[in-house]
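Heads up, the next two complexes both have chain A, just with different partners, chain B and then chain C.
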Partner chain A sequence: MKTFFSKIADTLRRAPRWIYIALALALALIFPMLESWGLMETLWLRVGTRALVYVLLAVGLNLVLGETGLLHLGYVAFWAIGAYTTAILSSPRTARLLYMVQEHGIGKALTTVTQRTMQIPEELIGFHIGFGWVLLIAVLIAMLFGFILGIPTLRLRGDYLAIVTLAFGEITRITFNNWEPVTNGPGGIPGIMPPNIFGWVVDKPGEFFYLLLIVVVIVVWLLNNLKNSRIGRAWNALREDEIAAHHAGVHSTRVKMLAVVLSAGIAGLAGAIFGYYQQFINPQYFPFMQSTIIVCMVVLGGMGSIPGAIVGAVALDTLPEVIRQTFTKWLPDAFGPDFLPGVQAAVQTDFDRYRMLIFGFVVVLMVVFRPEGLLPNKLWRRETHEVDPREQEQTRQHLFDLEEGHPDLEA
Partner chain B sequence: MAHGRTRKVLALALTLLLTVSMFTITGCKSDGGTSTDGTSGKTETIKIGVHTSLTGGLADYGFAASEGLKIGATDFSGFEVDGVTYNIELVIKDDKGEPAEAPIVAQQLIDEGVVAVIGGLTSGATNAALPIYQAAGIPVLSGSATAPDLTEVGFDNFFRTCLRDDLQGAAIGAWAIELGGKKVVVADDRGDYAVALGNEVQGTLEAAGVQVLREECAEGDVDFSAQVNNIKAFGPDVIIFTGYHREAGLLFKQCIEAGVDAQFMGGDGIKSNEIGDEAGGAANVEGALCTFGGFAQEAMPGYAAFLEKYEAATGKDGGPYAENNYDALGAVVQAIVDAQSFEGADIIAALHDVEYQGVQGTLTFDANGDVSVPGGGGIELIPRFEYTGGQWTYIAD
Partner chain C sequence: MALEHVFSLTVSGVTVGMIYALIALGYTMVYGVLQLINFAHGEVFAVGGYIAASTLIWAGIDDGMPLWVKVAYFALAVLVSVAVTATLGWLIERLAYRPLRGRSRIIPLLSAIGVSIILQNLLIVIFGPEPMIMPTAIVPSGSFELFGARIRVLQVVIIVTSLLLMALLTWIVKGTRMGKAMRATSQDREAAEMMGIETNRTISFTFVMGSALAAVGGFLVAMYYGSLQYDTGFLYGLKSFTAAVLGGIGNIPGAVVGSLVLGLAETWGVGLRLGLLAWLFVAGFGLGLYFQFWRAPRGRVAHIAEEFRTPAYERQLLNVYRLAPYSATKTILSKRTDALVAVSARHAMRLMTGNLFLLGFALLFFANSDVQFSSKWQHVISFSVLMAILMFRPSGILGEHIQEKV
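Coming up: the complex of A and B.
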């Protein structure tokens, strides 16, 4: 038995990485088709599309939290900035703001609460900014705020970034909540128009899934190249030992800044597309809890590992829905309404309410049994678990190759 | 390596479980309600979706709504379409009161094959879910989403059996003017409901030429001395607080202590008898006035009977918006019977013409889907209350 399992495990480990990547891509490409073939409910397509937004966010946060080792607790702020950029530039709000600017100047437009019933001229109705520009503006604004946040905090050592980002997350949400002239305050902005990409109007969940998939593939490809570059090595060096890295010639402030700004940009991008997908945005989308959940996705997936962040995001975002379906549908369908003997039928129909409880329990189990994450980075696994002697031998060989000046520096 | 083997077995078991669940996901495309062969004398079941919040900050509202609907499902079952008797099966789903969860819940109900949906509990979640219901052509009736823009963005499938914030706001403003208010303070708690209501009150007052001072008393704060100083300097004759009773009590108390002499008013957020304690004694609130964002329970023809059923079913006192949700279900059932059809478009058309005799009275819907009474009706629908002798009493016309 033992040899059988370890043989399978060995084969799986030795299989080249491109096989896994190709498999994952093929799965993702087929996924929306399952719905159009009638094999899967539309619900799962919507769950999958939202999960892709979280994949972008988790991959972006992984850059700061996993690669560079900085605790970032206000990541939701950049997401919100992206989403609100879309909402303000591509909804009925856009025409209303433009009209205010034309009539009263920009200062008054940004500070005056307009009446809900205000009439705007016919020719302005439907005015909005195109998809590409919205994305670009969202990313730039998010990066700008990431930069501003980084200036005072990244020169310091310690957990200052955590404190400042925590506050920034709340400040952003409260600003969107109170800046009524532009954001319509707590009421939010409805009626966001679907993106039009060179004539392709994206307004169905399946189309959004493919749009997001393209973005995810590009972002992951870029990040993977970056991870294996000089900058990526510098990030990891900073995470492991800042003083040593500094003395090895890593300009720590600049390198950390790059990570924070890039990750802010990715969240801005995710937010902008998310705004289009939801067609409605209000401050309730972006509580502090969301920042925590994204941190959990990175940690549970495996810090510093891009596949880990992807798996963590998909798992944590879809789990509550899987639990809900399991207890309200699949189990009752398979075993009848009394699938839990001894539990009142009333409790079973109310399983909707208990799903978050089960979700919490599963997360605790994951932390207990796999502290290094679902698909861990090799270094982190070694810190939390016994190391397989064969793997140790491989590493030794690898280091030896490096010393000998082996041409293949990548591993 | 016994430890390693356990882990591998566990991993394999988990993989198996995931694979099996994948097959179950793909294998259970729903086929809608159970309708076998719709001929004479048969009893069949139709599904009606309930999109509500059973967890999260407004779970108590969601509980009351779903309990009210369960009573409704019993009461309204057994209606006839084309000679077939139909019973109602409620499909209750929870969105945690979060707009990000609302589209998923909406899709789930659509996949289940519901013919109509009662819900969104909160305005935010309803706003996020409506585009999806709209695309599927499913009628949606909310008993508690009061934000004005919901019926103004252009969703033709949305109706509500609660009165809008702006109606209540206009009613509060009109009442303040009636009382002779020339300088009025409007304060909110920065929450979505209070801000929207406050904006409507302010708009009504300013349109009538009344001088308004806007103040913010954030939810959870205790010390409002800065606001009270501003209020004292302004010298108002009416102070209106659109938030909830806790902050209202504190604000009124601190105003009295500072020697501000003005009429206290508020929206339905302050309509709790606890406000006496929170203001440091009922005497501080004596004579305060408030409105309510729905039809007055005291004036509802069917409320006593409904409350009896609700208490028998839940063992609790009447819950917020339970009767509105009950009426939403009743109205949609009546529309189905009127239309003799389960098609979304037919039900939506029938809802525009329906005249439904519910707990709240005789209800109709206007062109936008807002609830009305036969012959229309404006701010006079909003009931008024006065705080006397430690409790809110209804002011009958």
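Coming up: the complex of A and C.
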């Protein structure tokens, strides 16, 4: 029996994919314009831009967690590496470091804390490295660290990777926190200059939104091609059954390494742009919880599914803000300022405490009840769920028909 | 002077190591029976500390009480926190891990992460984000002098309590029916089930016992540092897991050895000048050479599959191990494709690289012998130990004990 809603759901499922892609792109293109037309507050533009950074991260993590089936818990480290690369190469600090290197040599520059009042020569003031080079360097450094991390762990049992990446994430954060000569320690690096892309100075949230959108589209397109290639199939084979894949000729360490390195590169890219967007970077942006939030996004959307990762990232990043605005602004606006004052106060003060709690429950419940996520990849769905008995019966009937000839004809 | 300093650092290293051991035992036992990293274990440890501290505050412990009353309070706090965490451990296994048994490996791990997030944030929601202060009345404040070093009574209490608990655990694992069931389950769950062991109950029991040990660990940590924070569990959990891997995962004595090594590495690492630390690396270099050239080969050859073990082949393998770098190059140069020789030569190469690293570090440290790491690098030291052990000897110091099943 088909209800009205299941019919709608079926139609939606059968609609060709390009319609969804076109819709999503059109929405994303219009989104920043809403702000300039005065239909939306700047706050939402900021939320949207941050959500795009998370989309990039979730898509990158999906490569490791979803496609290859490796639990990576230090993903935030590569993000931090990208962001710090931007901060060090494209802020007033660049000139100071360069001056230190020129004057005292590289060893001294990396180990001496300089005073804020340090005089640097006129011609060095404002020196920084261009956007393209920064992106390239950030991606390469992140990939290098991904490679270093992969060497000891990818040969080992899969779950060691989780713990080592976790430790790696902490080491990175602690290092950025403690290495004052270069990273200015807990104080962070302020004053990151806006990127200049062939004369396009990107310094408004709307412009960053478009910049990120371009990057996201390119990355998603590349990843989608990669996913449907020989390498993508090798990743999936490793996820399903490592030993079988190995014996089918997949070089497991090398292929896993490729996934880890590529995803590190994507996080580095996201970090570099995030650094430009934020204009200020300090270690507190990159706690362990950020890694788990990205994991939550991928799990919620559906492991191994790119649209899933995108939807998961957008949903989990915007939802807290939506809830907060609903209770503190929209509902009071609609029903008068006295509407549920207790709830308003609670949301205003305590909401951050409950946010991570809710994320934790999301992960456990999703994993126990719907491990394939909201927008599942077909393979995962088949792997994690029993086959629908009706469908099975249909297939059996079809096979029977093929074998025996059509029963109606024989009658 | 220097020796007293080293001695007092050693005592505090052993103290920290003992606490790591209490947590690491839970990790290693659960890994033994389920092959699952129970990420929530660190949080269970923190819950234990929180519960103990709030029990003491609730019961109204006071500085003026006589010693025996304080001891009674101590016992009460231990009992309450053990009861709560044991229930918690049982619940976690029941609700978050058991429904997922038999799924692909990554799924229970994700669930474990989720549980860990939930517990950590429950602590924030219930007790608030500010640190939980341990009542000072329960903490023995005395200290005495031993070999010229000041040692706190509390350190002795921690070491003795941990040793007693470990003895109890050893008795349970070695001497009781349940322990036998645990060992059987960790060797081969299916076979154990066929022999009539209720593996589900055994697994639950393992969780309960691990959580109880962690609770005591949490209490002791709270006493040692005076307070606990909601994220203490995360850090201690991570380090204790490192300790378990260091000693060899699934291996109960290994967890203790690994924890002691890690505790000492941490305290020595930030407490001593590099010139002194360099001697440790030299010692490690020497030990490595000894084990690689004289002790290990026979043991390692024993692991080679039966059908290859002709006497001539064993001799050949022994030579490969003994003259590791030389034969490795020879193997590569002469392009012998014999898989096992190649594998063992590669293994030997890896160990030799480890030795070279140790030597390199020793030289580097001798060159900067006056420098001392500041204590903010402490965590980095223990994580680097984890990376190094996984790089050069992934099976840990005492070797791992797990069922190798696919």
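Simple rule for what comes next: the second predicted complex is superposed on the first by the 345 of 411 C-alpha atoms of A that agree within 3 Å, B and C clash if a C-alpha of one lies under 4 Å from a C-alpha of the other, contacts with A are read in each partner's own complex, and residues count from 1 in each chain.
Criterion: a contact is a pair of C-beta atoms (placed from the backbone, for glycine too) under 8 Å apart; a residue touches a chain by one contact, two chains touch by 3 or more.
Just so it is clear, the model here is predicted, and its values are computed rather than measured.
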Which of chain B and chain C A:114 touches, first, second, both or neither: neither
Contacts of A:360 with chain B and chain C, given as first, second, both or neither: second
Partner chain in contact with A:188 - chain B first, chain C second, else both or neither: first
Which superposed partner A:178 touches (first chain B, second chain C, both, neither): both
First (chain B), second (chain C), both or neither touched by A:253: neither
Chain B versus chain C as contact partner of A:73, first or second or both or neither: second
Partner chain in contact with A:371 - chain B first, chain C second, else both or neither: second
Partner chain in contact with A:167 - chain B first, chain C second, else both or neither: second
Chain B/chain C common contact set on chain A: 177-178, 353, 356
In the complex with chain B, residue positions of chain A that touch it: 1-2, 5-6, 9, 34, 38-44, 46-47, 50, 92, 113, 115-116, 177-178, 180, 185-188, 190-191, 205, 278-280, 282, 284-285, 321-322, 325-326, 329-330, 333, 349-350, 352-353, 355-356, 369
Chain C contact footprint on chain A (complex, rising order): 65, 69-71, 73, 151-153, 155-156, 158-160, 162-164, 166-168, 170-171, 174-175, 177-178, 239, 243, 288-289, 292, 295, 299, 353-354, 356-357, 359-364, 367-368, 371, 383-384
Interfacial residue positions of chain B with respect to chain A in the complex: 1, 5, 8-10, 12, 21, 24-30, 54-55, 92-94, 96-100, 103-104, 107-108, 110-111, 123-124, 127-128, 131, 147-149, 152-154, 166, 190-193, 195-196, 199, 203
Sites on chain C touched by chain A in the complex: 35-37, 96, 99-100, 103-107, 109-111, 113-118, 120-122, 124-125, 129, 234, 238, 241-242, 245, 374, 376-377, 379-380, 383-384, 386-387, 390-391, 394, 406
